[in-house]
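Shared between the two complexes below is chain A, which pairs with chain B and chain C, respectively.
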Partner chain A sequence: MMMSNIVRTTTKMVSPFLVTYSIYIMLYGHLTPGGGFQAGVILAVSIILLMTAHGSKNLEEKVNETWFKMIENIMAISILIMVSIGLVFGAMFYNFLHRGTFGLPISGGMIPLFNIFVGLKVGAGFMVIYYALLRWF
Partner chain B sequence: MTADNLKRLVALLLVLSLAYVLLPMEYSRSDDMVSYEHYVENWEEVGVSNLVMGVLADWRLYDSVIEAMIFFTGVLGSYLLLEDESK
Partner chain C sequence: MMSHAPVFVVITPILGALLMGLLNPFVKKELYRDLIALVSLMTPLVLMLYIYRTDTNVVYEMGGWPRPYGLVLVVDGLSALMVLMAGIVTVTTFLYSLEEKRLLPSGNRYNFLFLFMAAGLYGVFMAGDIVNRYVFFELTIISTYVLLTYKGTKESLRASYNFLIIGSTASFFFLAGIGLLYFNTGFLDFGALRGTVPYIDQGTRNIIFSFFIIAIGMKMGLIPFHTWFSDAHVNAPTPMTAILAALTIKTGLYIMIKLFSIGFDTLPIRWILVFLGAITALTGVVMTLKYTDLKRILAWFTMSQMGMIVVSIALWSPLGIAGGVMHLVNHSFFIGLLFLSCGTLAYVHGTRDIRELPLLRSNILLSVGFLIGTLAILGIPPLNGYYSGSMILQASSRYPAVYIVLILTYLLTAVSFFRIFALSSGISDLSSPPESMLIPLVVLAGLCVFLGALSPLWMRNAVFPAVRAIQPGAVFEGSYPYLNIHGLVLVVTSMSGAFIGYFFAPFISGLKLEWADGLLSRVPVTDAIRYMIIVMALVLVLFTIL
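Right, the complex of A and B next:
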């Protein structure tokens, strides 16, 4: 099912900006308000907008359900592994990377990495839930 | 006593003991060294300018990681629960 021409054009215009905004929130989550979860939700919304406007059947060869499941699982395992590496440096959940200069984009040790992992994981997770709801149509 | 009733009794005992421990806990800011002041005083220790993210992803990272795992379990549960059996 495809929505009207106006909706499709508007969605095409809006969704690249949503992806950019989501990446900004993901990468600057430790400097400005935001974080991984919010970035992931915006990322999922940008794809869900496109899929509802253009019809999920028409996007089957471009967007694949298996990718989202894979990203979700890989990111979950990556978070657990990254958290466990701290065991080598003293304790679990230890921030083992160099913390850098206060206020720069690359600072805070593994906090930006954690934001990126959580953002991708939450975005892919919401896409998996969306696909699960889509099975009833 | 059947197994179901035993389970209910164990759950009731768990809830009552948790309530006995957790409800009288003191969360006022009147003590001399509470966590809020610790976070603000040792802000430079984390090295990030967003203190909320510093608390969430450094001091309380275990909370955030387990929250991510809870989200993973929720996705898995809804995916299995919403399975369309007619197809």
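Right, the complex of A and C next:
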């Protein structure tokens, strides 16, 4: 099912900004309010907006449910692996990367990486939930 | 590297579950998926055995952050015992479910959810702070909601939905209680709470506990919060019923023990729990007298036994805790055995109605397994229910009313079980169920006998350290011989109950108990939540009066 021309044009214009905003929240999660989870939700919303406006049937060959499932799983496993690297340095979850100076985008050791993984995982997870709900229609 | 073992107890099932999700499209053979699941369920058990052998007081700091502020995993005497119990029961029930899974309509996500549930259980038992315990509990129970619906029938969906609504309400209250606790002390870590909670004034402490009482009451199936209990047990697949009865409801009890140990062990709180536990013990067993569905009867038995354990622990004497903890572990083995043999009987004979089940004339292993479970729950000497039951009676002997209630519970348990044997008839069928169903039965029955025979030994070497982890200076006076006067009382009670049950079975089945059913088991969700909140308000009023 496709929505009207106005909605389609607007979502097309809005969704890139949403993606940018989500990437900003993801990358600055350790400095500003927000973080991986919020970024992931916004990322998922930007795709869901496009899908509801253009009809999920028309986007079938461009976005696929299995990808999201794979992304979610791979991200969860990468988080576990990254967290386990800390074992070499002393403890699980040990922040083994260089901490950097406070306030710079690249600082805080593995926290930005953590935010990125969580963001992608949550975004993919929300997409999977959306697909599950879509099956009822 | 082995110093990191505690964290792998929790991580391995999660890793296994994620691998399962990743490999699902590529690995088509069911055998490989089951192997991955089995390996990731066995690993925590092996690791915990290793930790238990070397050192039973491990605090693992995540990320190297020290205790009151960082997240820690704690392995002390109690949590190690609990994790070992959970490990044995999850592995055996998973072995059992290999066969049962083929009957379920959508079996391919079963392993995934099962592994997450196991990880949550280990997390609940090992987390060192109250918020992580809450999070892990949610992990367990959300997986359980889904697993309960695996039969796909309308009743199972309804039971799971009831459980979902009641459980979410209870979790909400638990979270509110945690918030109040944090607001008043500034800590979430159990070690720090132990030092600060006693300094909160009595009124505030009671208010906080009245929030917690809904959560732990719902998880344990205490009387006003129990409405989800029997339906959820009956409509779940057999392995899930065993897990629910043997482990999931024990997490509520474990949280109760922890709350008591950090300073909620003042008098009105404990007496309210003793009261609720005693009511649960007696009512649960009365309800079993009217049903003919074996699984429903066992579900009500679980509830009554939980009531007994709650009474014993809420008395909060070292002996009471020891008896309660020991009975908790024993109960999870014999109730697991009973539920699994009930499921196997239903698998062989195609019905769960006791009037059509030849209980003692089935396959020899099956009949003996069911009999061992029965005798263990009744506390007949060589089996494991005897010693812990006698400890519970000994601990409560200072309070005659409690003692009488517990004796009555044992009497009625025996009556009810031998009513089942008297009523059971049907065509004898000696055909053997598949081996993967029999092995768990043999393992659990063997544990019942083995732990029963060695009761005083593992009481001294495993249960007393567990009690000392809760009450650091607990002293046990006396030698606690295997054959003691309370044990004799227990055996005589059970024997006389067995005679009454066997010879008056038709009379007992004719009793009119419909009113109890309407009041206790067929309660709509909205009413159940209303009950819960009313009870919380009543508890608050009681606290202000006392």
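Assume the second predicted complex is superposed on the first by the 137 of 137 C-alpha atoms of A that agree within 3 Å, B and C clash if a C-alpha of one lies under 4 Å from a C-alpha of the other, contacts with A are read in each partner's own complex, and residues count from 1 in each chain.
In this text, a contact is a pair of C-beta atoms (placed from the backbone, for glycine too) under 8 Å apart; a residue touches a chain by one contact, two chains touch by 3 or more.
Predicted model, so just to flag it, every value in this text is computed and none were measured.
Residue contacts after overlaying the shared chain place A:G55 against neither chain B nor chain C. Of the two partner chains, chain B is the only one that A:P33 touches; chain C does not reach it. With both structures placed on the common chain, the touch criterion links A:G90 to chain C but leaves chain B unconnected.
Look at A:I74: by the touch rule set out above, it reaches chain C but stays clear of chain B.
Counted by residues of chain A touched, the larger count belongs to B, out of chain B and chain C. Of the two partner chains placed by the overlay, only chain B lies in contact with A:F102; chain C stays clear of it.
In the superposition on chain A, A:F114 makes contact with chain B only, not with chain C. When the two structures are aligned on the shared chain, A:T66 is found in touch with chain C, with no touch to chain B.
Common to the chain B and chain C contact sets on chain A are residues 72, 76, 80, 92-93, 95.
The part of chain A that touches chain B in the complex is made up of residues 29-35, 72, 76, 79-80, 83, 92-93, 95, 99-103, 107-109, 111, 114-115, 118, 121-122, 125, 128-129, 132-133, 135-136. Within the complex formed with chain A, the chain B residues making contact are 44, 46-50, 52-54, 56-58, 61-62, 64-65, 68-69, 71-72, 74-75, 78-79, 82-84, 87. The residues of chain A lying in touch with chain C in their complex are 66, 69-70, 72-74, 76-77, 80, 84, 86-87, 90-95. Here chain C touches chain A in the complex through residues 1, 4, 7, 11, 14-15, 18-19, 21-22, 25, 60-64, 71, going by the rule given at the top.
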